Every structure is written in structure tokens, then in C-alpha cells.
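Letters A, B, C, D and E mark the chains in the order given here, with residues in each chain numbered from 1 onward.
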Amino acid sequence: SQKKEEKLTKVRLNEVVRSIFYAPMYVAINKGFFNEEGLEIELSTGQGADKTMQQVLSNNADIGFCGPEQVIYLYNQGKDDYAVLFAQLTKRDGSFLVGRQKEDFRWENLKGKTIIGGRPGGVPQMTLEYIIRNHGLLPNKDVNLITNIAFTATAQAFKSGLGDYVALFEPTASMLEKEGGGYIVASIGKASGEIPYTCFFATKSYIEKNPDIIQKFTNAIYKGQLWVEKHSAKEIAEAVISFFPGSDIKLLTTVIERYKNQDTWSKDPILKEEALSRLMDIIQSYNRELLPNRPPYEKIVTTEFAQNAVNKIK
Amino acid sequence: MLNEAKVFSKEHEIYIKSVKRKKMLIFFTQISILIIFFALWEILAKFKIIDPFLVSQPSRMIKFLIKLYNNGELFKHIFVTCYETIIGFVLGTVIGTIIAIILWWWDFLSKVLEPYLVVLNALPKIALGPIIVFWVGNGKTAIIIIALMISLIVTIISVHTGFKEVDEDKIKLLKTFGASKFQILKYVVLPSSVPTIISALKINVGLSWVGVIVGEFLVAKEGLGFLIIFGGQVAQLDMVMLSIIILSIAAYLMYAFVASLEDKFLGWKN
Amino acid sequence: MLNEAKVFSKEHEIYIKSVKRKKMLIFFTQISILIIFFALWEILAKFKIIDPFLVSQPSRMIKFLIKLYNNGELFKHIFVTCYETIIGFVLGTVIGTIIAIILWWWDFLSKVLEPYLVVLNALPKIALGPIIVFWVGNGKTAIIIIALMISLIVTIISVHTGFKEVDEDKIKLLKTFGASKFQILKYVVLPSSVPTIISALKINVGLSWVGVIVGEFLVAKEGLGFLIIFGGQVAQLDMVMLSIIILSIAAYLMYAFVASLEDKFLGWKN
Amino acid sequence: MIKLKAENISVIYHTLDGETEAIKNLSLEVEEGEFICLVGPSGCGKSTFLNVVAGLIKPSKGKVYIDNEEITKPSNKIGYMFQKDHLFEWRTIYKNIILGLEIQNKLNDENLKKLEYMLDKYGLLSFKNYYPRQLSGGMRQRAALIRTLALNPDILLLDEPLTALDYQTRLVVADDIYKIIKNEGKTVIMVTHDISEAISLSDRVVILSKRPAQIKNILKINFSIKDRTPIKVREAPEFKDYFNIIWKELDIHVE
Amino acid sequence: MIKLKAENISVIYHTLDGETEAIKNLSLEVEEGEFICLVGPSGCGKSTFLNVVAGLIKPSKGKVYIDNEEITKPSNKIGYMFQKDHLFEWRTIYKNIILGLEIQNKLNDENLKKLEYMLDKYGLLSFKNYYPRQLSGGMRQRAALIRTLALNPDILLLDEPLTALDYQTRLVVADDIYKIIKNEGKTVIMVTHDISEAISLSDRVVILSKRPAQIKNILKINFSIKDRTPIKVREAPEFKDYFNIIWKELDIHVE
């Protein structure tokens, strides 16, 4: 195996945050799918989609992993060497609405209530508002939205008494439930429909120069997706726990179970036009100024590699 | 050193001229550095040698500034941040000085607390941000308290050190007048620590800005820190960079103001 | 003040005893505060008077500590952060001192740069974090540079101020010996600034920790700062609090080490 | 009448390194209106003695009486002047001078008028709104004296009040201060290193031994000349004899 | 033989507030081996004059010659001592004393042996590994002198070298220093405020006017006694006359 390792090509990947939401990617790393393809992943965390994009543009990372909105914005700013999305990992929003008691939840019930959301301009917040709007309510009019609390502090703020509901990612939502701080009443991902929530991208020039690397990368991701589909939540949890220092295997299993059940993870890396278009709807309905023009799908997405992977790997 | 006559010697005029020329040269160089910096930034960005998406570009920033100004939002954000900073700064100074007075008064307490102050000083207060948020809620209070936390310990330590360095003999003098401990504080310890307090203030200016920005990262819905975060989220580097530059200017102005206090309160020094 | 005899008077023995008793009392109080603090925390959390989800709980933290230790991860994280801090600290001190020397040497430059230093000092460096990250990548380098940025300006300003306060007459003395500017630096300016440099070091300890933690928030995949941010993201307050406490201990130890340098290098003072 | 009586004073300083015996069994009586100078090797315990008399240090043994009352804490009857003038740089001369009155809450018209009078008499009136750094060393030392006199103490303790001045200024200020003090009829204990100064000012010179301070000798100073002033007596025939006696008693050699 | 010649020296200090004329047209010649004292009102320009002679300040007008060579920068022929000893606290006495040699790269056996000899002769050998703060003021001042002598200058400039010492120590150290300097046969210009000190040490006393410094008078000091030492001459009959002349010339009054 010594010899094999020498031949591995190093790929620098920057993820937006470390989250169980991205389990298939960690599976692909830990189960050696990248190595099989001759790649070695150097993973770093951007702590924010903007920072992930900067990492890629400044050539500190080869491949970025975050929401496609950054790619869309970038294209609109007229950069020549813009970024292109080539594989999709999650196809829904990964957050959940947590309430104070068990209830027979309907989105319409939110009228007059207060929700702690994400920061303004972020896709989680846009998605939440999109759903609220779709249920005939007006954000900040019919529903109160608290959007000024950092992502890492919302659960605590809710637990200490602020708001009626809070939108949380996993494992925070499950943790809060376990601690008796609230109950998961709805999945935002389910309500929003399929959108390309987190995808892999690289600059156009990088893809042109290194199609084989991109292909191998996509293959590995696809293998990861297949593996996740075929294995139980517990097996997945065991496979990825090394990425989550100090985490509780039981909790991880619960969370993975939940994500599995609601069909969070794409079955394949193909990013569909319809889904991207829904994302752009969401952004535009949030604030038209953010997206005066909608970039053409063909420009910012390539499904070539994903197609190949799906065709090749069984 | 006093003016001896209104008519100066030739030699003196030459001296005055050379001093003035030197000052001009310094000023000119400073301005040149600024201009060259921004010009270079603009040009390099124009020719895509540096990527304007990553570091923005002066002309874009100006455009954005005008837009923000026309929206009427510019001054709102600046005002909010300045307001929080000033409150945090004033509170930090006042509370820090009061605690320093308590420690001076009660030596035992100061000895007991010493290692704790050292630890608190080295502790990245930013990590405690979320705890603050759920203790005092998510309003301006949280931001101000975060700013306070960052500047308070430094103030306490430096003002208390200043108190301890007050000339023993001056205190002895007051004791011969039969002064009470409170009078010693009022007549010697506090006034002779004014220079120390002012230099603590100077440090606090910087720390208060850091605190407020960190606080705004955590909880704000307006202010320059909010613009930095928001600009990042919607990939508007112009917004981020512009905010950082406005921040620098505001921080500098506040520092200059505090430094001018020095001239005022330490008039007796020259 | 020298020992006059091995046999001390009775009065002296009483004095020595009272001093020792006082020291013991201080130490005891310090320990008590610690114990009470943690006990209260544990009990209040146990009876849900304070919410362990929000502020964790000592027993949970210990459990978590054991788990981390069994994973073999504990020392990895501690080591990484300490390593970065020490590098940042040493570099900050060395580079800061070198720049201060350059400014001392070249007065014109120091005058030109003065306002820029003030602005840089007042600027919340945390806002510049992202810029650093895409300039130097997202490895340890970025973390160390962020730590450097936070401590460097303060070092430059305080060491340079120290240099300027060196007794003019001592310099004059060296000039009468025909000393070159470099010799003046070597024989007077540097050695007589050692106390200033050490007190800058003490401040730097704190700033370096803050810098590294901020840096780890931004880019790290390991280290105590990473544990804090990650713990926050996954709502594991035990992880956050434990890391903060380990951090405090490490920061205190480093401070104590630097303070012990003071005794060593300033031996001639007493 | 005996104004001040120190009885068997012993002072031991304690530090963790050891103990320092500064004064051993020292007794001294001072008459009302007397001007006493203490001379002795440096570090022998002179300042310590003044501190005990002022009630700032509790002696390990012995007692101090003023007007037959025991002293345990700083008393209003005592004024203390140090080697440095310790004027507060942030206060004007006037504000410095009223400091003691302010602290003792005695800022009444009568006292203020008296101060104004003293300022005028001792040549500081036109400088009353100046800051200390704007005055010469001699003027500052006079201001410090007025600050001390403002509280109208019976006894003045002067700890090398002139050492900080340069030689000529010193001669002149000694003359000034002597006049002022005699004018106001104060009892004085002054510490000095300057033998000539001691002789020219005092009624008695107390010569102390090396640490721990004990009285080695007390010299009564009498001059045959009239209208004694410090500068004049330096030319008196007895001056040199006193000088030599003290010089020998002090047994000075520098090693 | 004329060792040092100052010709029409004028010095004007410039600050933004205005100009200060410190010395005006001052000329002075000093013989080899002569001991000259400068006295004058404080702030008149004495230190400025020494700085010019040392080549530390360029005069606005005039020139200084040593052995007929013009001085434009600090010269090896000159040793300068200040009011404070300026020993470096972080160096031992020995390290302090070799400082000048170290800087001039003259740390050879011969020089070091000479130093050892001086340390021994002047009573500092057993203290050579002590730090300055462990020494008394008198010892420190002697150490500073040895540091100056180590470079073997022909001319010594002493700027109130004894003022920091207390009165008695001062008398003794003056005696010491006088012996040392005469031993080594140096030419000396010393500034002092103490008239007695000036008379007891010097061959000529130069009395300066108020600022800007000009020469008011030069007094040749001659004593009838043999084996002149500073302490002895104080008892000489001429002493008091010299004192009075200088006192009058200085025209001291403190305001």
C-alpha cells in the first residue's frame, strides 16, 4: 500500500462548516473512496460560505463545498474565472423547526408567533422565509423573526426563553430535544422541497485543467452517497464519528436516522436545473436586489462528471 | 525657553524653516503612502492582478458608499456602532477604575484576586460570547457587555498598578495632615494616577472597538460589524471592505479624541 | 536589611508568623473560591436552577474530559494550540522588537508611520481575519499570523516607547566614548529596555492566546479554539466550557513562566 | 517648658529577610521654641526617628509625649517636611498650600487670610496661580514650608529639607527658612547631613551613632555675635570649633 | 603648554518656541595639567560649554582646539563625567568600568591590567563583581571616575560630579578624586555649584555670568600651605577671602 499512497494526488477541499449534515462526504473519506480513486483529501473548514468561496478563489483550496448561492453571486459580479458547480451532496435544507411543546404542527399556526432564525442574507433564513410566504404569511408582519443571533448561539437563546420557535440544524435540534428544551415540530427541508443545498464547486479554469481530478472526486462522492443509502444509521454514525470529536454515537445515530428518513441526501451528485431554479426563487423572493439577474444554468453547473459517475459506478 | 524677543536671529529663521520643511515632508510622505496604497489597489484590481472579488476595489467601495448614503443607511450603521463603542468604553473605564479603587482599598482582596485577574486577562473573552447572549438577551446590552468584558480586565490591572505606584511619600505627607483613607484616595491616589488612567483609556479605545465588533458578529442587526457579516453572507466584499475602512477611521478619530483629553487633563505637565 | 544574626528576636518571630499566616489565608481563600465556584456550579446545575444545557456542569465536563482523553485527542488539541501560541508569542516579540529597533534607528520612518500604527492598533484585527486567511491559506500559518497581528502592534508601540525613554545622559556617555549608533543600541538602548520588553511580553501572553483562539475559530481543524467553535456549533456546551477551562490553565501557566523570566533577567534589580 | 519628650525609643523593622534595628533606646527632650538638628551617618535611623515622633510609625518600645500627651497617631501639633518638596504637580501653588486646611476642613476666612499674608511675606503671592514646575527649587521649598505652617503646628519636623537645592540657593533658603520659623516661634527638629548647616541653624546639635541610632553626643551651640543669622554665624570664630568637634564625632570615612 | 583652547564660542539653542542663547563669545585657554573650576548661576550655560568642548554639540560660532587640533566630534583625548554616575545597573562594576574599552575595541591585557591596578588602588577591587546598586554613592562615583580614566584621556570634563553625594561623603570623595586626578596628571575642567569645593580643588576658578554665559572673572587660587589637599586648604587663611570674592561675583539672590 506504500506504493499506492505515493501516487495519490492531493486535493484541498474546503467545507463550509463541520456538520453531520454532510455525512456522505465524511463516509467517502473514511471509507477510502477517495483513495481508491487515487485522491487524497486535505479537508479544511471555512466557517462560512463566503470564506469557503474565498478559499477557492484565492487558490488556497481546489474544491469548495457550500451552498450554491455563493457561486450564483460570483457569476453575477462578472468574474471571468467564475466558479462552476459539479456535484450535489444535500438536496434539502437540513434544519428543523423546534417548538416549546409537542404539537400538531401546521405552518399556518405560526401567525403571531416569534421564530429565531438564521442571520439575514444566509440561505437558511431565506428558505425559512420562503416557506412562511408559501403558507400565506408575511415574514416580519404575520410572523416575528429574530435574525440577529449568531448561528452558534440560537439554541441557547431559545432555551433561555427567547422566541416561540427556533430553526436549528442537527445535532443541535436533537440535543435540545434530548435536554427537554423543546420538540422538533417540523422539518424545514421537507417543507421547502428539493433545492441544491450544499454542492461542490471549483473555478472554471481548475475544472478545465483538471477534468480527471474532478471526475475522480465526483466518483468518490457518489460512492459515498451509495454507501450511505445502503447502510443503517448506526453504521453511518460509526463510519463518520472520527470527524466529530467527543460526540455521542447514540445522538449521531438519531440524527442520521432523521436525515435519512426525510431524504436529505442526494442519491446521486447530479444537480438538476429545476432545483437550482427553486433556490433562485427563494433568494429573489427574499430580496430581489440580491439577485437582479438569474445566471444561466449551463454556465454555472456542469453535470458531465456526475453523469459519468452515475453511469460508471454501480 | 521663553521668547526673548520678537525678532529672531537669521540662524533661528533657518532652523524654523528646516523644522517646518521636515514636518511637511513627513506629512507629504504619509499622504503619499495613502494615495499610493489606494491607487495601487485600484489599478491592480482593475487589471485583475489582484482579484476584486476577494479584496474589493476602491472605486467599487466608493460606489457602494454612495449607494448606502443614498439609502440613508450609512450613518445609521456608523452611529449604532459608535454609540455601542462609546458606551462600552465609558463603562469599561468607569467600572474598571471603581474596581481598581476597591482593590486598592482592600489589599487582601487584591492579593486573593490577582491570579484570577491574570487568567481572565489571558482568556479569549470572545469564547464567552454565546453565554452572554443568553444571560442578557440579544440586544445592544449583550454587545456592550462583550465590549466591556474585553476592556475591563485590562483597565483594572493597569489602573490598579498605577495606584500602587503612587509616591509613598506623598501619601505619608497626607497622613501627617491626618487624612483619612478616603481623603488619601481623593487627594493623591486618584489625581496622580490620571496619566495612568488616560493611557489605560488609550488602550481601551482599541479594545472597545474589538469588543463591539465581536459583539455585533454575535448578535447585531445593524452596525458596522453586522455589515461585515452580512456582506460576507451575500458575497459583497465591497460592503465588507468599506465597513473595515470606516471602522479604521472611526477608531482613529476616537483615539485622537482620547489623546486630546491627555492635553486637557495633563495641562499642568507642560 | 541583611541578616544580622541567625537568632531573631521574639518580636521578629511573631512578625514572620503573622506574614506566613496571611499568605496561607490568601492561598486558602483563593482555593476556597475555586472550590465554592465549582461546587455551586455543580449543585445549581444538578437542581436545574441554572441550565446545564446553557452553561454545562463540572461533572459533565469531567466526563467529557475522560472521554476525550480516552480517544487520545485531549493532548493533541492542547498541544496544537500551545504550539501555535508559543510560536505566535515568540514571533510577535522578536519581530515587534526588530521593528521597534528600525523605528528607533530611523526617526523619519517612525514619524511617518506613527498615525498608521495608531490606526492599526485601534483596528479590530478580528475583522481582518478572513483577509489573512485567503492571503496565506488556511493552515497553521494563518492562525499564527492572526495571533501575530494582534500582539505585534502593541509590542512595537510599547517597546519603541521604551527605547525613546532611555536616559539621554547614558547615550551621551556612550557618545563620549565614540560609540557608533549600533553600539549605542547594543550597550544602552536594548539592555536598559529589558524591563519594558518583559512587560510587553506579559501583555503579549494574553494577546497571543486571544489571537490563536480567534485564528482557530476562523480556520482550524484542531486545537482548543476549534473545540470551542465546534462545540458551539453542535451545542455541546461541555466541550466549550472544558476547552475554556483548559485554556485558562494553559494561559496562566504561560504567564507564570514569563513572569519567572522577569526574575531571571532582572536579577540585578534586587 | 518641655515641648516634646521621646522616652526610650526603639524601632525594629521587620522584613522576610530579617530584622533591622533602626533605633535603640533613644531618649530626647526638646524645649519649646528650640531648634534642634540631628546629624548622623546615612542610614542610621534619623528619618525613622522623625516618623516615630510624627506618629507615623509605632515604635517597638518607648513612648513619645507632646505637651505631656502620648502620641499614637499623626497629631495636629506636628508639621512634617521632607527632602523633596512633594508639591502636587496637578495643583497650583495656592491649591497646594491650602491642602492641609482642606483635609482638616479648616478652610475659613481667618486661615485663608493668614495664608495670603504668609504668601506675600515670603515672596510667593504673585506666583500663587502657577504650577509647581514653573517655580525654581528654592521657591518650591518655601511653598512646601508655607503648606506645613498653614496648619499652625507647634512642632516642625524637617527631614533634610534643603538637600535637593544647589549649594548657593541652599544657603539663601536656609536663611529664609530660619527667619520664617523663628518669626512664627516654632519648635523644630531638623535632620541634615551638612555639618555647617546644622551649626548655623540650631540651638543644639544631636549627634547620632551608626545604626541602630543612639545619641553619641549633644552639642549646645552658642555664638557670641548678635542678631544671629545662619549666614552670619558662619563667620563667627566658634563656628570652626563646632565644625571640628562634630566632624570628629561623626568619624567619617567612606569605604 | 596650552592643552585646550576655546575661541569665541557662542551657542544658541533653537526650539519652536524661540531661541535661547546659552553661551556668548566665550574664550578660554587651559594649560596642561591645570585644574579649572567653572562656577556660575544655574542655567547659565556651564554644561553647554562642557558639551561643546567634548564635541557633543556643535557651537553656533567659534572653535575648540585640543593640542592645536580642532574638535568636531567626541575625541579620545577627552573623558566626561556627569552629575549622576550613570553606571549601568545591569552590569557589574567591572563590566561597567571596561565599557569604554569594549566600545573602542581596546580590551587588551595591558589595559585590563591597568584597570585592575586602579580598582585596587582606589579600593574597589573586592567589589568588582557587585552590581552598582550594592555600592554606596561614594563608591559608585569613584567607579564612574575609573571608567572615565580607563580610556586614558588627557582632559577630564567633570559636570558637578559630586552633587549627588551627601555633604560629608562629598568632602571625602572630593579629596579622593583630587588625589587620583593629580596622580594621573590630567587636565581638568570641572563645573560645580559649591564655592568651597571650587576653591579647594582648582588652580583657577572661572566665574561665569548669567545666561548667556560670558566670563565675568577668572581667579587664580594660590595657597601658602604645603601638600595641598582639598580638606586641608579649607583651613587656610586665604580660603575665606576667595570665598567672599566669588560669593560677591556670583551676586546670589533667590527670588
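Heads up, the rule we're going with is that a residue touches a chain if its C-beta (ideal position, glycine included) is under 8 Å from a C-beta of that chain, and two chains touch if they have at least 3 such contacts.
Predicted, not measured: the structure shown is a model, and the values here were computed from it.
For the pair subunit B and subunit E, chains touching both partners: C, D. Across every pairing of chains, the maximum count of C-beta contacts belongs to B-C.
Computed centre separation for the pair subunit A/subunit E is 83 angstrom, with centres defined by C-alpha atoms.
The distance from the centre of subunit C to the centre of subunit D, each centre being the mean of the chain's C-alpha atoms, comes to 49 Å. Our note on geometry: subunit A versus subunit C, Cα centroid distance of 38 Å, whole angstroms. Residue positions of subunit B touching 2 or more other chains, listed in rising order: 54, 130-131, 134, 217, 232.
Residues of subunit E in contact with at least two other chains: none. Within subunit A, contacts with two or more other chains are made by residues 50-51, 54, 57-58, 152-153, 156, 159-160. Chains touching one another, given as pairs, are A-B, A-C, B-C, B-D, B-E, C-D, C-E, D-E. Residues of subunit B touching subunit A in their complex: 48, 51, 53-54, 129-131, 133-135, 137-138, 217-221, 226, 229-230, 232-236. The residues of subunit E lying in touch with subunit D in their complex are 42, 123, 136, 138-139, 163, 166-169, 171-173, 176, 192-195, 197, 235, 240, 250, 252-255.
For subunit D in complex with subunit B, the touching residues are 54, 56, 73-76, 78-80, 82, 84, 86, 88-91, 99-100, 102-104, 131, 133, 151.
Subunit B contributes residues 1-4, 8-9, 11-12, 15-16, 19 to its touches with subunit E in the complex. Residue ranges of subunit E in contact with subunit B, taken from their complex: 12, 14-21, 60.
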